[in-house]
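Same chain, two partners: subunit A is paired with subunit B first, then with subunit C.
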Partner chain A sequence: MNPQKHIKKIMTITAASLLFSFISITGANTPAEKGFDVAARSDRSDRGFSDSVVQLKMVMRNKAGKQTQRSLLISTLEVPDETLGDRSLIVFDSPADISGTALLSHVKILDPDDQWLYLPGLKRIKRISSVNKSGPFVGSEFAFEDFTALELKKYTYKYLGEKDLNGIMCDMVERYPRYEYSGYTKQVSWIDQQVFQVRKVDFYDRKGDLLKTLILDDYKSYNSGFWRSHTMKMVNHQTGKSTDLLYGDYLFKKGLSKNDFSKSALKRIR
Partner chain B sequence: MIKQIDALALFITDKILRFRWWVVAATLAMVVLAAAGGRFIEFSNNYRVFFGKDNPELIAFEDFQANYTKNDNILIVVKPKDGKIFTQDTATAVEDITKQAWNIPYAIRVDSVSNFQYSWANGDDLTVEDLLRNSAGLSQETLDKKEQIALAEPLLKGNLISDNASTTGINVTLQYPEKSITEVPEAVGMARMIVTDIKSRYPDLKIALTGVAMMNNTFAESAIKDLSTLIPVMYLMLILVMIFALRSISGTVVTLFIVGFSSLTAMGIAGYAGIDLTPISATAPTIILTLAIADSIHILVILRKLLLQGMDKITAIKESIRINAIPVTVTSLTTIIGFLGLNFSDTPPFHDLGNITAIGIAAAWFYSMTFLPAAVSILPFKVNQDNIGKKSRIHYVISRYADFVALNYKPIGVVMGTLAIFASFMVTKIELNDEWVKYFDHRIEFRNDAEFAMEHLTGIYQIEYSIPGGGEGSINNIEYLTHLDKFTDWLKNQKEVRHVFSYSDIIKRLNKNMHGDDPAWYRMPDSRNLAAQYLLLYELSLPFGLDLNDRISVDKSASRVTVSLPEISTKKVRQFIDRSKTWLAVNAPAYMANEPTGSTVMFSHISERNIKSMIKGNAVALALIAIVLIVSLGSFRLGMLSLIPNTLPILITFGIWAMLVGTVGMAAATVTSTSLGIVVDDTVHFLAKYLRARKEMGMDPPGAIKYAFETVGQAIIATTLILGIGFAILATSTFLINSQMGLLTAMTIIVAFIFDFTLLPVILLMGTTRKGGVYEPAKAY
Partner chain C sequence: MMVNSKTLFSLLVIIGLMTSLAQAESITLSGYVAIENRFFWNDPSYNGQKSGPQVSVVTEPEVRWKDSGSPHQFILAPFLRVDAMDDERSHLDIREGFWRYNKGSWEVLAGINKVFWGVTESRHLVDIINQTDMLEDVDQEEKLGQPMIMVGHSGDIGELQFFLMPFFRERDYPGSKGRLRAPLAISEQTVYQSGAEERHLDFALRFSQYYGDWDLGAYYFRGTGREPRLVRDPDSNQLTAYYDVIDQAGLDVQYTREAWLWKLEGIIRKGQGDTFAAMVGGFEYTLYQLFESTSDLGLLVEYNWDGRDKIDAPATSFDNDIFIGARFTLNDSQDTTLLIGAITDVENRSTVASIEAERRIGESFVLKVQARSFMNIDLADPLWSAKNDDFLNINLQYHF
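Right, the complex of A and B next:
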């Protein structure tokens, strides 16, 4: 597809859906539109957080029950334009042998992400060129895109209906990755109807079989309106492996700028 | 006691004959009810069923797989006519297969030369990408370059690409939910559909399917094939032998009903019990057919003899049942004990075989004692009036033979004794071998495909090492990596080894990539931190499904080394494993030592495990059979003596096998118990008649021997013929374990027959001469 045309189309959809979501979700007529609207309402409930910093513990378990941990610090910069992805900087803290290693990502919607890694052992920055997005993040059951902020435009949607999830009424929306090299064929997300946050996601693999389930729990609201889950549990149904993400308290509006998420900023990490 | 049993048999038979129509109807109802269980029968398709829950190798492998991933796989082997993989056409086909293979049910990973994650550097840019993408648009020059890359890559060469790049493999890793028995056939079915599709679009490709999933599926296919080919042949054989032995259509028909009923009953009950058939337990109906016939034959041969003596039919039926009640019961009991002895085996399918067959034999005994007299009394059963009072030619020959044995028992004893000693000495020369590809013969597609894969691509016997590094994150230690690399090199230099998959080859490549692809840096990184950071970088760039989780444990405390071996005997596998363990112990830090595992390792121990477990089973079976013999013969001396002509044949059979064949698989351990239960039958029949002659007719030993020969000689010949042929038919099974079991049992039966006709009378006579008795042939008449 012609990229110009592409962007134009996305802009049109964005404009149209923005207008729609202001009026009412129920105004949507097709399941695809309604699905998009539910996802958009969830995504936009987060609008304006500008930047955040959070400490994160990752606990990985295999089928034999053996487990291991790593801790990392994630800084995120909001990029308001929905045709562009957010920027993030991940600094690994432990285990000791990767301490200080930093990953800078400029998320793209339909193209490979731009990623740079600073290796303290080598004292160099390496640019990673890869079309792969849904591979496991540092050996965990999460792909990078599974736990970073939802990018609305990465998917097309279909509204499935509403269902109770542990006492919370949720909208179920199926979403289909638009990225050519995604490892998933579809995801089913459960978005609650009160604060519009994702509570659960089922991931389906290339042959359409259920692969993983993500449960998002311990939601807290920051600055009256920014909801963040503090416990994310991902279970791989096929291998029996699982990963928990345990978040500390978020800090918002630290005044971070694009400068803090640039290649030159990577060098300043150490 | 014999008298009471005789009286009981007479009483019951009397009642059966009076209510014969009711008995026939009740039998039919019983069979229908039992056989209805057959609808629950399913065919197992997992090689793990060959290993008991407590099998140490299985436990080790399950533990290994819980730490990495289960590695049941389908290997799609592709060889184009022009012998070149890296052409636009074939490379496109490989990409196509790779893409389609992701749709195979339960596939969690697909590896091929096309989706191999090739990493390369351009200054500080690291690119990780599929080795082949959109090959249809690549020039031959580019493809040639890719071929060079593939052949230079230790993870690919000798594994997914042959050394001359003429054959390639697409490996599909499967992870079953293990909830349904149809999982394996589902995956295999899809793989076959893909192959059919690819072949239709790329007619110049030869494609073979192999791997653990294909083997598993083949177990069921082999069992079904055996059932559908062996059983009809078996029935045909039974009919021929019976017409010859019984010379009666009615007798043959009744016997056919009885063997059919027995086999239906046993399989039906197996169905109710929820037993999944394996190629081994699927032989049960064939074995039951063979064994169930003996009871009927003994009863019918004597019946015919009595009719020839001019007795009326009803009296003759009662008399035949009376004479046979004890021997038929005892022989059924010993055979049942022999088969139940299989429950000691370390391989559960043998338990199923033993139990199903035992049920079948019990059913045959029951139907022979009830249905048979009822049915025979209803059907016409006549002998040629001219023959009444005359003795048959066979009878004459047997009677002359009895004289011969009585006169020459000493030299016969010496010859048989010498043979036995020589053959038993040879037994020690037998080599145990369980190459699972060779479990299937060439009528089975899997055998040909697996051999094709081994000839053109790689070794499919894999040995897995989980090499620990001593603690969390320890695989990044330079000491660990250096020794892992040395171990990998050592493995690659072993003549048996076709391929080694080791993490050390990945980290060396990454170190090179991190230094602008300078070949001088193709070595271990300088520090643990660097190694850990390279690994992190690499992990960040891998795509869905191609991660390192199956090569490195989650806490990075161990990594996995996979060694592929070509066609190799299990003895050599064990020697190789021992060498590798010694190398590790001598050359690597102590924390790196570990037992290798995997299906190949499991099968390399299966025969020993079975022999060890069956020693106990055989001892118990032997003891129980001895007790049955002692009680039923009413003589401790005779009971113990009768074990000699029955255990020696087994020893001799293995001796002959050692000389003619040399190797044997896991069938070896189980043949002893079952064949003992079978061959002891002839002795029981012989001794029962011998004792009857001694006690009821007051004959001396030589006379009683002659009487025994004359009464049961013909029946023994007939049953030996049937059993010998029956197990010989089993020897044509597509499954090696069955054919070895069949051939060994057939041989044992024939050797035992010879012993019963030679050593048994010799033993009986030896006892008499010690007391100074002299035999005169004339006395016996």
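Right, the complex of A and C next:
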């Protein structure tokens, strides 16, 4: 990275956090600023989680309602610097034939992520292209970017107003991907005003049509403050297919380090 | 080895694994059992060869032990094939059976393991730790377990691994009834350059790291070369496998940029005639979500070149060859994939074409269909003996 650009980025971020600390959200002037502030408050409510590990079940349904399932383990390492992305490791447990297959992502903000796939049968580590953001993640209705593009600065924002969602007062914020190869023109997110978590997201495709809706439910707080949804339902309005993610209990602060999310660690995951 | 004793042994192994599984939570058992049928539609080239159907049963169970938080880990993964047509193709191998200690940035491994190095698809040129299991396939992707002690360290500057390999694994070949074999029988008598024979202490040192879009690996190996020279013995009219001691330096590089993967592997080898170099390089370009579907189409082109001596080095068919392939990935819930490819010798036009398709059925079954065709094979090409061995292989696996 260009050092000057880096310094400028750090200054912008410092300025943004100062702004955040001293001025209340209602003090933000433009809808873009207010949208960013609402999203930032939500994102930063999660600061300091260090690392997490969670087992989850993925239930995929086609239009006729036929179900297939996968189970996987997701480990995440927090990288506190907002100019860098987190690191994540997804290890498949079932179906049995892909057990031990793993995907390691070093998420970047605007540059393409670094991703490696591990194939346990051949013991082969493959660096893979990460431009396939909008492709389906293992046959589900979730796209790769729905997992990896959760970083605050991957988007620009616009505040739309507040609205009630099933009895929960939410701020509605539109977000626009800044990174390349996104399959979305915009996403409309609903963030509750009490604990600042995302409750619902509408995804709009490249033509600007409504593509998918994600409902995030069963929020639980861990270590007094880290909120996690345990049921996520994604419905594709254009195909009639849907995918549910059913999460088990999260484990936090297991003391995972960069070493556990390195390319060479892939060989040791099972 | 007799099939019956192998079968009995494997059953004992499996029963043993299952029993231990029932006793401890930190032990997991997985793997598959498969039934396979191989058909050869051309008349065989050599006396005694059969056309099939060549029915096999294959199993590869794997038992793993690791306590959460413990730096120690044990893995045992035997492999067994019982082949009804060719006794020599029936074989048992320990693919993996090791103890591993991992703490912080250090790793120590002792036992039998498989190690893969490389980036290209048409040839696994730099991959040298394990002997190729030629009884399984001709694509060099199936490997025999290699006894070793490995010490590794990974840090910010990269990963460094040191391998000591005290025991050499010989290459096995199909029997006289089998297809995809040499014209003559391979003698039981193996000749080693080293006086220590299969107990020559081999070693390898490898460094690997990535720098942004570049993934890089480099190594040095000294030991018994995995590829034998097959030399005709005029007295017995059999082929004798000669294993030379070699020095080999290897490099593998991949540059990943947008939808392009640029790949290069190269080696320099000393010890088999004149010192020579070999390389394979090319690209894989993927068209994601082809025609607005959820499928991807990968296009592969690789060029192979090998400068080895025609007499003093083991024969290779990758001396001057172009590989062109296409990989379809449906990205469906059944993980359907299809790979079509052909490798052609630029000079003599000898071509091997292949199709590999794979799809999960239900939750636990996987169907794999593979076909290979040897076309226009030149008399001077090492593939000559396989010229009539086009085959179709159907493999149904049950995973547990």
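Keep this in mind: the second predicted complex is superposed on the first by the 250 of 270 C-alpha atoms of A that agree within 3 Å, B and C clash if a C-alpha of one lies under 4 Å from a C-alpha of the other, contacts with A are read in each partner's own complex, and residues count from 1 in each chain.
Basically, a residue touches a chain if its C-beta (ideal position, glycine included) is under 8 Å from a C-beta of that chain, and two chains touch if they have at least 3 such contacts.
Predicted, not measured: the structure shown is a model, and the values here were computed from it.
Enquirer: Are subunit B and subunit C a fit on subunit A, or do they clash, once the structures share the same frame?
Expert: clash
Enquirer: After superposition on the shared chain, which partner residues are touched by A:Leu103: those of subunit B (first), subunit C (second), both, or neither?
Expert: After superposition on chain A, A:Leu103 lies in contact with subunit B alone.
Enquirer: Considering only the touch criterion stated at the top, classify A:Thr213 as touching first (subunit B), second (subunit C), both, or neither.
Expert: neither
Enquirer: I'd like to know which partner A:Lys263 touches here: subunit B for first, subunit C for second, both or neither.
Expert: The answer is second: A:Lys263 touches subunit C but not subunit B.
Enquirer: For the overlaid complexes, name the partner, subunit B or subunit C, with more touching residues on subunit A.
Expert: Of subunit B and subunit C, the partner in contact with more residues of subunit A is B.
Enquirer: What is the contact status of A:Thr68 with respect to subunit B (first) and subunit C (second): first, second, both, or neither?
Expert: Both: A:Thr68 reaches subunit B and subunit C.
Enquirer: Given the touch rule stated above, what does A:Ile128 touch, subunit B (first), subunit C (second), both, or neither?
Expert: both
Enquirer: Tell me which partner A:Met60 touches in the superposition: subunit B (first), subunit C (second), both or neither.
Expert: Both partners.
Enquirer: Please indicate which partner A:Ala143 is in contact with in the superposed arrangement: first for subunit B, second for subunit C, both, or neither.
Expert: A:Ala143 contacts subunit B only, not subunit C.
Enquirer: Kindly classify A:Phe92 by the partners it touches after superposition: subunit B alone (first), subunit C alone (second), both, or neither?
Expert: First partner only.
Enquirer: In the superposed view, which residues of subunit A touch subunit B and also subunit C?
Expert: Shared contact residues on subunit A: 60, 62, 68, 95, 97-98, 122, 124-129, 131-132, 134-136, 138-139.
Enquirer: Which positions of subunit A touch subunit C when the two form their complex?
Expert: That would be residues 60, 62, 68-69, 94-100, 112, 114, 122-129, 131-132, 134-136, 138-140, 259, 262-265, 268, 270 of subunit A.
Enquirer: Enumerate the contact residues on subunit B facing subunit A in the complex.
Expert: Touch list, subunit B to subunit A: 63, 65-67, 69, 102-108, 124-129, 175, 177, 472-473, 476, 514, 525, 527-534, 536-537, 539-549, 552-557.
Enquirer: In their complex, what parts of subunit A are in touch with subunit B?
Expert: Result: residues 60-64, 66-68, 92, 95, 97-98, 101, 103, 115, 117, 119-122, 124-132, 134-139, 143-144, 181-184, 205-207, 209, 238-241 of subunit A touch subunit B.
Enquirer: Note which residues of subunit C are touching subunit A in the complex, please.
Expert: 30, 32, 64, 73, 100, 102, 104-105, 107, 114-116, 118-119, 141, 152, 154, 159, 208, 210, 215, 254, 256, 258-261, 286, 288-289, 294, 296, 331-335, 360, 363-364, 366, 397, 399-400
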